[in-house]
């Protein structure tokens, strides 16, 4: 489980794990060293400041030390911000630029289910072996304007998928927040009633993936599940 | 209560027989009349908004400085009254001006793509 | 004395009316579920004079068997025979198993929303056949629920009819045990309805609390015990305006709700222990985690902070009492009474199920699929909390700004006072956003305004912005006092002054200001424009720096000291460990690539529990052990304290560390069940350690009660602290200082020039002229 | 909300906080349950709590012993603690009205309103359409009802369906209160009179304070003057509320500008919240008038009127901003 290793998530996670370990080990080592070395040996230990009630104790500070532990974390944070900025461009900014040939679908969320609409036509050739595992009742072609057949999503492999997220509002339904979330690809975006939001990803491996709802939407929030089948050749 | 001890308030009282609060009251009445009048001149959108905002600020200043006698009181009180406006400005930038339609119209240099394009290729 | 009695009697009489009115809660418009929802919103539906019967029910079902059930609706008043069209309708639900149409009823009944109902054609009949196939698991009890409606054929209502609008509903309920449930396997006793478990636990808790109240009063002077004395003693507590007594009220209130919040947590941890569990129904789970979140933050953490602020701030700055004592008492009582509103829904089985962040389109929705009917009361409770926090905010800022004793200048104030001041300033300036947001929500639900309604052109994200503009400063309000406590405790335990007092104060001020410009990182995936997400990512990255500075300052404080390991020191060191881990895991969220995966998964739950439980709770426990002797005059038992620390520390890490792994695997938050088996064993480990952690808190409860009378006596300054509260007797007299003390200064006296504007005089810590 | 409640006999305590909180709870509980009985009980208990609070304040004579503490140290050195308290409370009020405006502007930037219609009409005229801006607006909106076809024709295609409705259905054009108010003098009149009334009431509070502080008036005359000025303020405040309710009624029934519309929700809740602040100010004013009636105000404790005046001027200040933003713009 968890995001596939070709996603941007893992490239960032490695960096973040590394730096977290560095900061964590440094801090805890320093903490345990200080606890052991400066514990009270006998009650008559002398410490530089006598703390007497009602008297503001002698201030102690060391400008160079304080500047270092202000500057060093700032440099680390700026470096990490720089990387975070990159990930923002690939996750949120690039996909919305219209020029690429994206495979457009619309994910429509309603109270406790999903509808998938296709806006591009692809023909998936049947003999690539792994197709037999999926029950695609209307055979293998995904027709422009087709609606999800059995409540599941069929996507081509190795194409930039651009999903428009809307909430069903045909008067009867209660428009609330939902968010399609596919853990294996590490992507999610809220479907907000009234505005259209976008989510995009390029699946690189065929297979069946789970789709959860990640924004609390009422009683059966945990039942809003769907399967995403990535079919076709991953050339 | 600021019994006209400061210079110009004393002369105002001697000359006109009415103290600064009366004149502040008249000042505010006049500006309210201007405000309502401005709307009836049916100016263009920009001019009307400019008129309304400027009269609003002037009346705000009138009430805060004289009726709430911030003019006479210690400067710390003016700082106390001004302090939350910093957070109101933050609230305005974060919530008021970033409605779904609002942010779309930003100039190119302020959008992430432009800032992003400066950086070397993605890791 | 009789005038007083009249007042007390009239107060009790009014409370009696309010409580009497509670059961017939008919909240707008669907009622609080006491008169039952009538199964279908299609007809207006009068009270049910109709009777609904279901034949063909076996006394116990075998797995996979299907049974032919006939549902008949009969109503003597509405004959319905002669008029051909639309004589009756039904809806039939079962908690397990699947439905199908009875023979030759295929076009007369249809499946809808998990149950069965009549088709257009089937609307003319008064009895229908359906087949029900039992689930395979025979060890459970299936609940059946049918709503039948006798209609008089859409004809104009003849006047003689008893004034009903042409249809009348009736309901039928039955429970059918599986074979294994009855004879076969172990006798499955009728499973207690978890709501009754929750309400029983709460009422038992309140009963225990009032017994303890009477016992504490009795123990004050056992021989002089009489009822008149009790009312006198209660009057003292209900009318007190002294900052110490209001502090004690806050503390007892927050400890009681800490345990109640814990009960909810343990209940839904049991539900999440295994995949596809149905210990709690979805409604109960949703309302339990909502109440757990709100109780823990608003009714446990903030009141405990207010308790220590009330007790210690006046003592530390050398003031007789807070600036406005009655406003202080009103702050507490608003909070106390708001808990009735927050919990009003639960008592009627309709607790608010809108999560503690109350996101708009769902929280202001009505009807079956919308938020539960108790949500309106819940939102009213949140508004009262807002009023209470504003009142105490005014009080603390005014006290710290105007009533500091001579010598206690801005740069010579104890760090706990500094942290409470910055926390209350942030709370006080961010609260109006919550009050206005909840007021809009409240009016949406009561008088029918449409603030967040997309159908009318409204913008649902307005709620998220307003809530998180308050939400992020709120989480700093909850953590800053713990910073203050840890600074005090580490300095006293290591017998050294805090390292870099000025940089600690600048860090506090830094967090105070930066806290207001980062709220967007809670909403990075909620459809905001990428430009705003970029700004919020950058500012969130900067917030980690002041916190890092503080952690290094605490470590440097230990340098060269002689650290004693009292219980409060252990809690402070536990704080350092867990809070640092929480802070580091927090750095994962402002990154776009990570946040699209981590948002609303258990990684978020792990992060904020490490920071809230590891940070605030450990800080507050350290404060309890540190200042209990000052408040009561007796120390808490060290051995019990050590036991309490060890179990809670281990259980806390056992509960929340595996959640990081669940978050990486993508288990979404607020899920009633999950069917991914690989998450099961992690979740059951979490549940087990959560139960241990919950029970460990009773050790502290026992320690608090026992040490009140049998704790080891202690003098003015049991731990060797330096601030002014250690100069008064413990417990301090009322009013706290008979004459205002002066705080000396150990630093060498280089005379500061008295000139300069307010800010320079403030930072140079110069006496007023 | 005068925060002059520092009570010297702290040890006996006061019943006011618990009664007021119980009242607030019952009021909110009744309002949520839409049962007016409990709401009324709640309100009466709340007011009873306030009166208990003030009964404790009646003997207050402004002396140190009776609770008038002086603040010490930076920043408010030497000032009364209660004055600092009222100013700190006004900080919270500034944030509350700031949030009202923040939410309002966020929504208003998304709406097409009569301003955008006038701009579009001007654009159409520049593009060759016949008639003046007012005539086009009149054809598009015959007495505030939208006529899409006529408008499209009048502005030769400039103002089409997408101006009035978004594609996914919700309205893009929102009738705002200013559209009705600026169009008809009788609808603007109550708003204008309200503005004059509130500014006048601010002035009369200042006069009451000057009278109370005036040492060379002999006490009986002074008490009468203070009481009369405060009563005028009370009457002006009630006039303000009555005119506001009349105006609401007029807007709802004659122009169908109800609270279920989006613009209506923001208009009524913001002006309503301001109205509640005025109402609370009036309830407090009854205490001040009663104390003036029994001759309670002299130059030593007149600062309580000054602190009440600060709150009242703030409410007037809020109205000075609400009036142009909601009524004229």
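We just call them A, B, C and D in the order they show up, numbering each chain from 1.
By definition in this document, contacts are C-beta pairs under 8 Å (C-beta built on N, C-alpha and C of every residue); 3 or more make two chains touch, one makes a residue touch a chain.
The structure presented is a predicted model; accordingly, all values stated were derived computationally and were not measured.
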| said: Per-chain Cα mean versus the mean over all protein Cα atoms: which chain has them closest together? | reply: C
| request: Write down the chain pair with more C-beta contact pairs when B-C is set against A-C. | output: A-C
| request: List the centre-to-centre spacing of subunit B and subunit C in whole Å, with centres computed as mean CA coordinates. | output: 40
| note | Taking each chain's mean CA coordinate, subunit A and subunit C are separated, in whole Å, by 27
| request: Return the distance between the CA-based centres of subunit A and subunit D, expressed in whole Å. | output: 45
| query | Measuring from the mean C-alpha position of subunit B to the mean C-alpha position of subunit D, what distance in angstrom results? | reply | 18
| said: Can you pull out the residues of subunit D that are in contact with at least two other chains? | reply: 75-76, 79, 84, 88, 91-92, 95, 98-99, 103, 106-107, 110, 169-170
| request: Any chance you could list the residues of subunit B touching two or more other chains? | output: 76, 79, 84, 87, 91, 95, 98-100, 112, 115
| query | Do you know which subunit C residues sit against two or more other chains? | reply | 429-430, 433, 454-455, 457-459, 461-462, 465-466, 527, 530, 533-534, 758
| said: So in the complex, the part of subunit D that touches subunit A is made up of which residues? | reply: 168-170
| said: Residue numbers of subunit C touching subunit D in their complex, please. | reply: 7, 11, 14-15, 17-18, 21, 25-28, 236, 238-242, 321, 323-327, 329-330, 332-334, 336-338, 340-341, 344, 376-377, 379-381, 383-384, 387, 390, 393-394, 397-398, 401-406, 408-410, 428-433, 435-437, 439-440, 442-443, 445-451, 453-459, 462, 465-466, 734-735, 758, 761-762, 766-768
| note | Residue set of subunit C touching subunit B in the complex reads 429-430, 433, 459, 461-462, 465-466, 469, 516-517, 519-520, 527-534, 758
| query | What part of subunit B is in contact with subunit C in the complex they form? | reply | 75-76, 79, 84, 87, 90-91, 94-95, 98-100, 103-104, 106, 110-112, 115
| remark: Interface with subunit B, subunit D side, in the complex: residues 75-76, 79, 83-84, 87-88, 90-92, 94-95, 98-99, 101-103, 105-107, 109-110, 115, 118-119, 122, 134, 182, 188, 192, 195-196, 199-200, 202-203, 206-207, 209-210, 213, 302, 306, 309-310, 313-314, 316-317, 320-321, 323-325, 328-329
